[in-house]
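Chains: A, B, C and D, in written order; residue numbering restarts at 1 for each.
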Amino acid sequence: MQTLLDIIGGILLVSGTTFLMLGGLGLVRMPDIFNRIQAGTKATTLGTLLTLAGIGFMHPEWSVKLLLIGLFLLFTNPLSSHVLARSAERSGVDKTPKTRIDAFAEDHGDPS
Amino acid sequence: MIESMKAGTMTSERDSAKLFASLLIFWIMLNGTLAIDTLIIGVLACLAITYFFRDSLSYLTDFKMTPQAFVAAIKYFFFFLKELVVSNVRIARIVISPDLPINPGIVKVRTKLTSPMGRLLLANSITLTPGTLTVEIEDEWYYIHWVTADATDIEAATNKIVAGFECHLEVMYG
Amino acid sequence: MSSLLTAMALVIATAAIGAAFVAISVNRISIAILAAGAVSLLASVLFLLLAAPDVAMTEAAIGSGLTTFLFFFVLGRIRGGKYD
Amino acid sequence: MVDMLIYLAAALAGIAFLMALYRFVKGPLAYDRVIAFDVMTIITITCIIMTAMITGRGIYLDVALVYALLSFMGVIVIARYLERSS
């Protein structure tokens, strides 16, 4: 029984860290700051949640505290990436030439 | 006049009770024990926080305490988890493909929600599902950065991004 | 399993050296403060790997959180002076 | 079997950490460095929890809890400062 739980937890752990690795890869490959925020923080959020779930399978007696950590991450992560994106948009960071439409700059004039 | 004042204090007391209950649950989860001394200290601390911050910490005030709202909350949570996994896989496929097929843009959408808490939850959900990122909120207009901007006008973008979350949040917060 | 912990400590020590290099080589003062915060954060993970969770918690709260916050607060206050 | 999975997970997390470090050292803009710092903090939380699992000491989870709260505060302070100074 315990070994079965351990194997499920290990598989969840590996899938979570795979998402972490993809988030790091996106951080390196994406061309501008908004796409880096997209690829970086959100893949790592899912990766951390999956890792927490996997360790919760391995050590069921810690599950309450792991749940609290997951809850904190779920509430604080979007806030920090939203604040960072808003700050970058308001200070007029250059976007990649592939950008098709920029409704914010159309409505507010050129921020720089 | 008197009736409205009475109603005001009634709702304020209910909000304080909700705040106190959620803080106490949080304290018990953080300690992981139900020993009597821990519980007494927790009750004292939660009473103090509820007394001093009863006006500013009002994150539960707009939630409708009806059975439909609870069902919608559970449905919303599972829809959110499904959406999180699906769009993460989509972004992962973009990242590992060699020519990086992105098509970014900032689009403008509008929401029908009116309560501040519902709008906050909607913005957080949009930010947490990869591919879309809330850049700015102005009243009912959201500016959203989208990695694969398929639709550029307001109506189509609203249908694609917001509608799925909005139908659950509308039941919860009205 | 202890070899895994050693490898983790090596990676984190390398990262701490890299962040310290950023802190002394960059020419914007805000990035230097951020990099110093990163060094403090990685040092607290090293304390944790040396089996001292209480020291690690203090380092994370004071060194990485409060010090960075205080530096940026003061930097925002003294803006408008003659030198950056 | 389980040991092998744990080693694989640790290796993947280490690769992710080094990639974020690359962006932190190179990053042309200040915002790139801030986002790399945020990602490094999140990966560090994962590393702490894995350390807690390997050593079997539950007290390490409290450190991860402190991290999950603090990273958010630091990023918000830095973003507000950068917005004001530009």
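The rule we apply is simple: a contact is a pair of C-beta atoms (placed from the backbone, for glycine too) under 8 Å apart; a residue touches a chain by one contact, two chains touch by 3 or more.
Since this is a predicted model, take the numbers as computed values, not measurements.
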| item | value |
| --- | --- |
| Chain with minimal offset from the mean of all protein Cα atoms | A |
| Pair joined by more contacting C-beta pairs (A-D or C-D) | A-D |
| Centre-to-centre distance between chain C and chain B (centres being mean Cα positions), rounded to whole Å | 32 |
| Rounded Å distance, chain C centre to chain D centre (Cα mean) | 12 |
| Inter-centroid spacing, chain C versus chain A (mean Cα positions, whole Å) | 21 |
| Shared interface positions of chain D, touching two or more other chains | 6, 10, 17-18, 34, 62, 82 |
| Residues of chain A whose C-beta touches two or more other chains | 25, 37, 45, 65, 68, 77, 79, 81, 86 |
| Inter-chain touch pairs (all) | A-B, A-D, C-D |
| Chain D - residues contacting chain C, complex | 3, 6-7, 10, 14, 17-18, 21, 24-25, 30, 33-34, 37, 40-41, 44, 47-48, 51, 54-55, 57, 59-60, 62-63, 66-67, 70, 73-74, 77-78, 81-82, 84-85 |
| Of chain A, residues touching chain D in the complex | 3, 6-7, 9-11, 13-14, 16-18, 20-21, 23-25, 27-28, 33, 36-37, 40-41, 44-45, 47-48, 51-52, 55, 58-59, 61-62, 65-66, 68-69, 72-73, 76-77, 79-81, 83-84, 86-88, 90-93 |
| For the chain C and chain D complex, residues of the former touching the latter | 1, 4-5, 7-8, 11-12, 15, 18-19, 21-22, 28, 30-31, 34-35, 37-38, 41-42, 44-45, 48-49, 51, 53, 56-57, 60-61, 64-65, 68-69, 72-73, 75-76, 79 |
| Residues of chain D that touch chain A when the two form their complex | 1-2, 5-6, 8-10, 12-13, 15-20, 22-23, 29, 31-32, 34-36, 38-39, 42-43, 45-46, 49-50, 52-53, 58, 61-62, 64-65, 68-69, 71-72, 75-76, 79-80, 82-83, 86 |
| Chain A-facing residues of chain B, complex | 29-30, 32, 84-85, 88, 91-92, 95-96, 100, 102-108, 123-124, 127-131, 133-136, 143, 145, 147, 149, 152 |
